[in-house]
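Dropping the structures in below, format is C-alpha cells.
Paired with chain B in one complex and with chain C in the other, chain A is shared by the two complexes that follow.
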Partner chain A sequence: MATIENAHFTTLKGAYDTETMEATVKVRRFNPETGKSRFDTFIVTIPVTATVLDALDAIKDTCDGTLSYRKSCRMSVCGSCGMRVDGGAALACKVPMRKFVEAGHTITVSPMGNLPVIKDLVVDMTPFWDKIRAIKPYLDTKNADTPAKEWRINPADTALIHKESLCILCGCCVSECISMESDPDFLGPAALAKAYRFVGDARDKDTRERLRDLSGAHGIWDCTRCYFCNQRCPKGVDPRDAIAKLGAESFKEGFTSDAGAKHAKVFVDSTFKGGYLRETELVPKTIGPANAIKDIPFALQLARAGKVPNPLSPHKAKDNDEVKRLWKLLEKEAKGQPRRATAVHPDAVQEG
Partner chain B sequence: MQERYAYYPGCLASLSQKELDSSTRAIAKKLEIELIEMPSVTCCGAGDIHEAKPDYYLHISARILGQAEQSGCDTILTICNVCTLNLRQANMALKEDAAVLNRVNDNLREVGAATYQGGVDVRHLLWEVSAGEGYERFKSIAVKSLEGLKVAPFYGCQILRPAKILGFENSDRPESLERLIRACGAEPIDYPAKVKCCGFPIVLAREDVALGELVQPLEQAMDAGADVMVTPCPLCPLSLDAWQRKAAAFSGREFGIPILHLAQLLGAAAGIEESELKFKRHVTRLSPSVQAKLQVPSVVGTKV
Partner chain C sequence: MIRHDVIVLGAGLAGMRAAIEAKRAGVDVAIISKLHPTRSHSGAAEGGINAALGNATEDSPESHAYDTVKGSDYLGDQDAIEVMCREAPDDIYELEHMGAIFTRASDGKLAQRPFGAAGAPRTVYSADITGHVLIHVLYEQLIKYDIKVYEEFFATKVVVDEGRCAGVIAWDTQKGGLHAIEANHVILATGGVGRMYYGTTNAFACTGDGMSLAWNAGVPLKDMEFMQFHPTTLKSNGVLITEGCRGEGGYLRNKDGERFMVHDAPNAMELASRDVVSRAEWREIADGRGVDGCVMLDLTHLGWKKLKSRLPGSRELAMDYAGVDPIEQPIPVRPGAHYQMGGVDCDIWGETMVPGLWAAGEVACVSVHGANRLGGNSLMETIVFGRRAGQATAERVLEQGDTGARIEPAALADEDRRIAAILNNSEGERPGVLREELAKTMYDKAGVYRTGEALLECQEKVHDLRERAKTLSLDDHSSVFNTDLTTALELLSLLECADCLVTSAVARKESRGAHSRLDFTTRDDDYWLKHTLNWNDGGEVRLDYRPVTITKHQPLARSY
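This part shows the complex of A and B:
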C-alpha cells in the first residue's frame, strides 16, 4: 500500500484544471529474475478524467518506478497498452477510471492471456507477430510492374474490408481466444482478421492460395465461435465475423475437404433435405466413416441415454419445398455474379 | 413476458435433446404461456450455414422470422443459445437495411414462402423467466425448494457474446442463472469458466481442441463443489455430458457430474414429473443423493 502526492499530473492539471479522485488499483506483478508473481495494491490520486493507463502512470511516477507496462499514443490508436482489466482484455488508455471509483470498486490489472509474460504487464508479442507474418500481411498483385498511378476500387468493394482494416494489432482478441488456449498453434482471431483484409481486397491476386492455406489445420475451422474476440476488440473489427467470411470465401473456392467445412456442409444440406439438422449424418460426414466406426462404443453410450435419433426417420419440416426452391434460386443467382470484387490495374484505366 | 410466443425449439431439442423440449412445454404450461407451433421452420444454421453460405442463412432466417409473424406472435421463444444468436443476428441485419430486407422478401415471394416485415423479436427462455414479470411468475410456481443442491451455472457463449446482438446482461458478470438457481431454493456455485466455451461447435472437427476447452468448466465446477451443472443451451450438455468420459480420459480425471437443462431445473422446482423432465435421458446419470435433492422419484432403473 502506498499513498502519493499528485505531483505527476501537474501539467494535466494546468491544462484542464480538473477535479481529482482517489483510486485503488490492484496490479499483477511478475519478476522474471525470481520467476515469482504477486499482486500489489496501490492508492493514487488521479484526475476524474483519468484512464486506467493514467492510473498506471501515476503509480509508476510516484509509488513504484519498477512497474512495467507498454504504452505510447494514449488515444487508442497505437495498440500498445493491451492488458486485462478485471480479467477482460482492453486498451488501458480507453477505459475510464471514474466509474470504478464511483462504484467503490478496486480494479485488478493483469497481463493479456495466451502470450508469455516478460515482466509485470508486458507480454512477449513474438507468437502474435509470427502468426501475423504467417498469413502474408501484404498485398500480392502477382504483377511485376509497379503501377504508375494508384489503383481504383469501387467504394462498395472497399467497404467489404473496412472493419478488418481498422485492426491496430493490440492483441486483445488473442488474449481471450479460447481455441488458442487449447491449441496454441491456432492462427487466432487477429491473424485471421488480417488474412480476410487481404482475401477481401479487390487488388490482391493471391486469393486461392491464401484460402487453401487458411482452410487447413490450425486455420479457420479451429474457431469455436465463443465470440470473445468480437466482445474484446477495442476497434470494432469483429474478428469472428471475419473468420466466418473466410469460411464463405473458402466454400466459394471449393476448399471443403477440412472436417470443419464438411461439418458446415451437413447443416446446409440438412435444411433443404428436410428442415432440421440430420444429427446422425453429422458424425460420419464430418470425421469420415472409418473414424465414425472407431467411435461406436461412444455412440452406444449416447444411444443408451436415447441421444441417437432414428436415422431412418429424419425430421421433415412442412412446406420444405420452399427451402429447396430457395436454395436453387440463390445458387443460380450466385453463379451469375462475379465470385469477388476485382480492381482494374491503374495503368489500364483510360482517363475520361 | 408475453402471453403467447412463437416457439422455436430448434434441432437438438427436437432430436437428441428431446427432454429439453418436453421440460420446456411443461414449464410453459405452469407459467400459463401459450407456445405457438411453427411446423415449417428449418434449422437456424447453427453458425455453420452463416459461415458456409451467408446469403442462404439470411434467407432461411427471414423465413423463420416470417413464419412467426404469420402466426400472429411478435416474439420467438428460443431454448438454445445458438438459435438465439443466429436468429437475432439475421433479424438485426434484416431490420437495419431496408434494401436487404426487400431483396430477401422478393426471393421468398418467388419461392412461395412467407415474407418478413421486421416485426419480431427473438428472446431466450432464460431472459423471459429471470427478470420482470416472468421471474415473479416463476417464483410463484417454484413450490418445491431444491435446498442443499449446489448448482454450477454454465452460460455458454452465444447467449452472452457478442453483447451488441444479445445484450441481455453484463457478458462478463452475468447473474440471470444464479438468480433462477436461488429462486429454486438451490445454491449457485461460482467459478471463472462459467462464461467460457463448451467447445461443441468444433467437437467433431477438432476433438482435441474442443476437449481442451470443455475440461475447464467441468474441472472448475467440480473443484467448487457443484452437484450438477445447469445450462441454457442444448449444445453445451452434448459436449459437457456426452463427451464427459472422453474429457475424463483426456484430462486423467473422473468427473461424473450431471448436466441439466435450465428447463429441467426450473421444472424440478415447479414440481413437474419425471415423465416430462426425463432426467433419465442423460449420459452422466444422476446419483441417488442428487436425485433426492432434486426430489425426483426413482430416476435410475426407469425405462428410457
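This part shows the complex of A and C:
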C-alpha cells in the first residue's frame, strides 16, 4: 500500500491537547469504619468535555485516592455510576461538567437514595437485585414446542417492549421513588419495567400468573404516580408508563381486587358518570364500606377543613357530555393499539 | 475453604454462557466477577453478532469461514474458525429462545445487516444496542438457573498445584479480605485489555487481568502484538461512534475538508476495512492535516431526520461526550484501541497448557481472529467458545470428579503478603500517574503505525514502568470497597500485557493485519505465517512461535 511506503510517522500531533477548566465539586463522604459522614470540597482541573465521572476520577487520581464510587463503561450503558448530582439521581458519566462551571455553580455529589450506603458514593444494591429476582426475570415459554429456528415475531410486536428493553438496571429511578421511600418492599419502578418486558413479550406464556402476582401487595398498585422515575431515568425507559401498561393488562385478566385496582376503577367510573371525581365514593369503594366506617373520624376532620364536597348532593359537571366524548375517544385510540404480541412457530408459517 | 466443581472468572457474555452450560450439565459451577454481571463491557457492543443464517440472502458457514480467514490475514487457525462458523447459527437460535430481543425483518425472522468484509448480510443485531440486549438475556438465565455469583470479587491469582490448576484467590471488594476458592476447573473469561492505550473504546475494567493471571500461572499469551484500532472514536474519552454512521453515508474529512480516503480506498472510501481507515486517519493527523488531533466525521449532509431516526445513539454520544450536535457540526474522531486479537493460548475447547485452566472470550486466543478481527465475530466467539468451555469442563467433572488439586494454606498466605504489601504502602508513585504514562507511551509508540525504533523505545519505557510499579503509593489502606487497591492491581496486569505486546511487536518484522510496520511494509508468509507465544520467564517475556493451522484456504494477497 502506497501510504505505508512514503510515511515516516508514528505519533499523532495534538493527541493530548485539551482545553481545560477548573471545577469545584462537593462530595458527600461516608466512612464505613467510623460510621461518620461529612462533605469534602475539591477543586480540580479537568477538560472542558469532562463529565461528573471524569471530575471524580481527577480527584481520585490526583488528590484523594480514598474517594470511592463505581464505574466501568463511562458511556452510559453499564449502569455502574448512578449517584445523586445536586440531589437527583443521574449517571455520573452522562452529566457534563461544563454547564456547571460556566454558571459558577459548585455541584454536590451524593449517593443514590432508597439504598443503604456502603462507602462514599457506593450503595448496597442487594435490595435492588432482590426485587429484580422477585419478578421472575426470565422468559417462560411453558415448555412450548421450541422451534429449531427462531420464533417468528412481527417487528411491530417487538416494538411493544422496546422502551423497557433499554433498561440498564442502574437504580436511578429507585433512588427517587416516593413509594419505595414509605414502603421499602414495594417492587419499584425498575423491577416493574422489567416485568412488563416479559408481559409484553410475544414468546412468554406466563402472562396471567405474572399479572396476578404483580397486582398483589407491594405491586403495581402501590405506585403513587409521582413520575419521578420517568423523570430521572437516563435511558428513556419511562418505568411509570410500564406500570400503567401492567395495570391495564391486569384489569383485562380480571385482577381487580387489590385496593389500588379498585381505586383506579372508581376514578374512571366516577369521572365517566359525573365528569367529576366523587371523593366520597372513593374511599368506601376502594377499601370496602366496613373499613371506610373506621375512617369516618378522618373524613369529618377533612370535611371541617372544607376538603370534602357535600356527599348528599351529587354534583355533575356542566359539560359532562364532553367528558364522555373524550372518554370514548380514548377508548377508541386504545383499541387501535396492538396490546398483546404473538410469536409464531416457524413450522406454522406458510412460506410464500 | 470454598470449593466448586467449576469456577468461571468473569461474567461478560463468555463467562455467563460458560456457566449456564456447565450448570445445565449438572455440575456445581460458580462465577467470580469484579463487576456485577450486567456491568461487563460486553454490554457496550453496538453493531451485532455474526451467524450465517441466510435470512437476508443466501449464506453458508463455509462462506462465513472464508471471510473470517481472509480477514484474519491468514493468521487465524482454520479449524477454530470452522467450528465457530458452523456452530454460530444454532447458538443464535438458542439466544433467541432464551428471550433475546433482536431486530426483526418484515417476515418476522431475525434481521441481518451487512458488515465490513462480509460476503453476505450476516450480522444479527438489536438496533445499536446488541451487546446490551445479550448481556441482559444471559443475566436472566443466570437467575433462572440460580447460578452463584461472587459479585465484586477481584481475582488476584490462579493457583497451580503440582502442575494442575487448583482454583483462584480473590479479594472481596465489598467487605475486604482475600479468599481461596478451590475448583477442579477454572475458566478465564475476563475480557480485553484496551486500557493499556490512551485512546480506547474499552471500559475502565478492561485491564487484561485474566491474561496476566494465566501468564503468571505458566500459560503463554499468543499473538499479543495484534491490537485492533477502531477508526471512529471520540477524543475526549475514546467512546466508539459506530461504523453505522459511515454505513449511512457519513464522510471523513481532514482539516481542508478533503475526503482523504480517496487516496487509500477510492472505491470503498469511508467503508474500507477498519485497519485501512485507521491508518489513513493516523497519516492525516500525523502529517498535520488533522484538526486538534482528530479528523472530522461529517454527518451534516445526512439531515436531521436520518440522524434522529437511524443514528440516535451516536448523536447522543457525540452531544454528551464531544459537545457537538452532528446535525450541525462534524464530530472530531480518531483511531482508538478497540480489540485484542491475541490472548491466552488455548485449544478449540478452551483448554490451556495447564490442566484444569481454560479460557473463552476476548481474554482467549483460540485463534479465530488472527491478525485482524471482523466486526460482529467477537460477540459470536464469546457465545460459541463460552458454551464449549462450559460443556467441556462439565464433561471433565462428570468423568474425573475431584482432580485432587488443592490450594495449600501457604499459597494463600503468600498471596496475602503480596496484597498486604501493596495495600499498606504509601511510598512511591500514584497508580494513576503510571497508568497515564503507560497509556500515552503505547498510543504514541505501539499504535496504528509502528517502527522498530519506536517499539524499542516503547519497550524500554514499559520495563521502566514495571520497575517503578513495584512500589505504588496508595492513599486508601482500608478494606471496604477499596478501589485504590483494585486500580493498582489492574495497573500491574496492564503492564505485563503491554510488555508481552511490545516484545512481540518488536520481533515481528512484517506488516500483517493490525500490525503495520513502516520499516517492514509487506506480509512475509515465508517467515512470519506463525503465532507468537509469550512465556513468563521469571517475570520477563520469552518469545516462541507456533505454526498456523491451515485446512482449506492457502494464504492469498488480501485486497477488498
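Here is the rule we use: the second predicted complex is superposed on the first by the 291 of 352 C-alpha atoms of A that agree within 3 Å, B and C clash if a C-alpha of one lies under 4 Å from a C-alpha of the other, contacts with A are read in each partner's own complex, and residues count from 1 in each chain.
The definition used in the following text is that a residue touches a chain if its C-beta (ideal position, glycine included) is under 8 Å from a C-beta of that chain, and two chains touch if they have at least 3 such contacts.
Quantities reported herein were computed from a predicted structural model and do not represent experimental measurements.
Visitor: Go through the superposed model and pick first if A:Arg133 touches only chain B, second if only chain C, both, or neither.
Guide: After superposition on chain A, A:Arg133 lies in contact with chain C alone.
Visitor: Tell me which partner A:Gly306 touches in the superposition: chain B (first), chain C (second), both or neither.
Guide: First partner only, chain B.
Visitor: Pick one for A:Ala193: touches chain B only (first), chain C only (second), both, or neither.
Guide: A:Ala193: touches no partner chain.
Visitor: Quick check on the superposed pair: does A:Ala242 touch chain B, chain C, both, or neither? Answer first, second, both or neither.
Guide: In the superposition, A:Ala242 touches no partner, neither chain B nor chain C.
Visitor: When the two structures are overlaid on chain A, which partner does A:Leu211 contact: first (chain B), second (chain C), both, or neither?
Guide: neither
Visitor: Looking at the overlay, what does A:Val85 touch: chain B (first), chain C (second), both, or neither?
Guide: The answer is neither, since A:Val85 touches no partner chain.
Visitor: Go through the superposed model and pick first if A:Val109 touches only chain B, second if only chain C, both, or neither.
Guide: Neither partner.
Visitor: Applying the touch criterion given at the start, work out whether A:Ser179 contacts chain B, chain C, both or neither, answering first, second, both or neither.
Guide: In the superposed model, A:Ser179 contacts chain B only, not chain C.
Visitor: In their complex, what parts of chain C are in touch with chain A?
Guide: Touching chain A: residues 35-36, 38-41, 43-44, 53, 92-93, 96-99, 101-110, 126, 129, 132-133, 136, 140-141, 143-144, 174, 198-199, 203-205, 235-237, 239-240, 263-264, 276, 279-280, 282-283, 285-288, 290, 292-294, 317, 320-323, 334, 430, 432-433, 436, 440, 443-445, 447, 449-451, 454, 474-476, 478, 480-484, 511, 516, 518, 521 of chain C.
Visitor: Looking at the complex, which residues from chain A come into contact with chain C?
Guide: Touching chain C: residues 1-5, 7-18, 32-33, 47-51, 54, 60-62, 64-66, 68-80, 94, 96, 98, 118-120, 122, 125, 129, 132-133, 137-139, 141, 146-155, 158, 161, 165-169, 198, 201, 203-204, 344, 349 of chain A.
Visitor: Show which residues of chain B lie in contact with chain A when the two form their complex.
Guide: Residues in contact with chain A: 10-12, 14-18, 39-43, 45-56, 59-60, 63, 85, 107-108, 110-113, 157-158, 160-163, 171-172, 192, 196-197, 199, 201-202, 204-206, 208-213, 238, 242, 245-246, 280-283, 304.
Visitor: Under the touch definition given earlier, write down the residues of chain A that touch chain B in their complex.
Guide: So the residues of chain A touching chain B come out as 86-88, 178-179, 181-183, 186, 221-228, 230-231, 238, 240, 243-245, 247-248, 251, 258-268, 270-271, 275-277, 279, 282-283, 286-287, 298, 301-302, 304-309, 315, 317-320, 322-323, 325-327, 329-330, 334.
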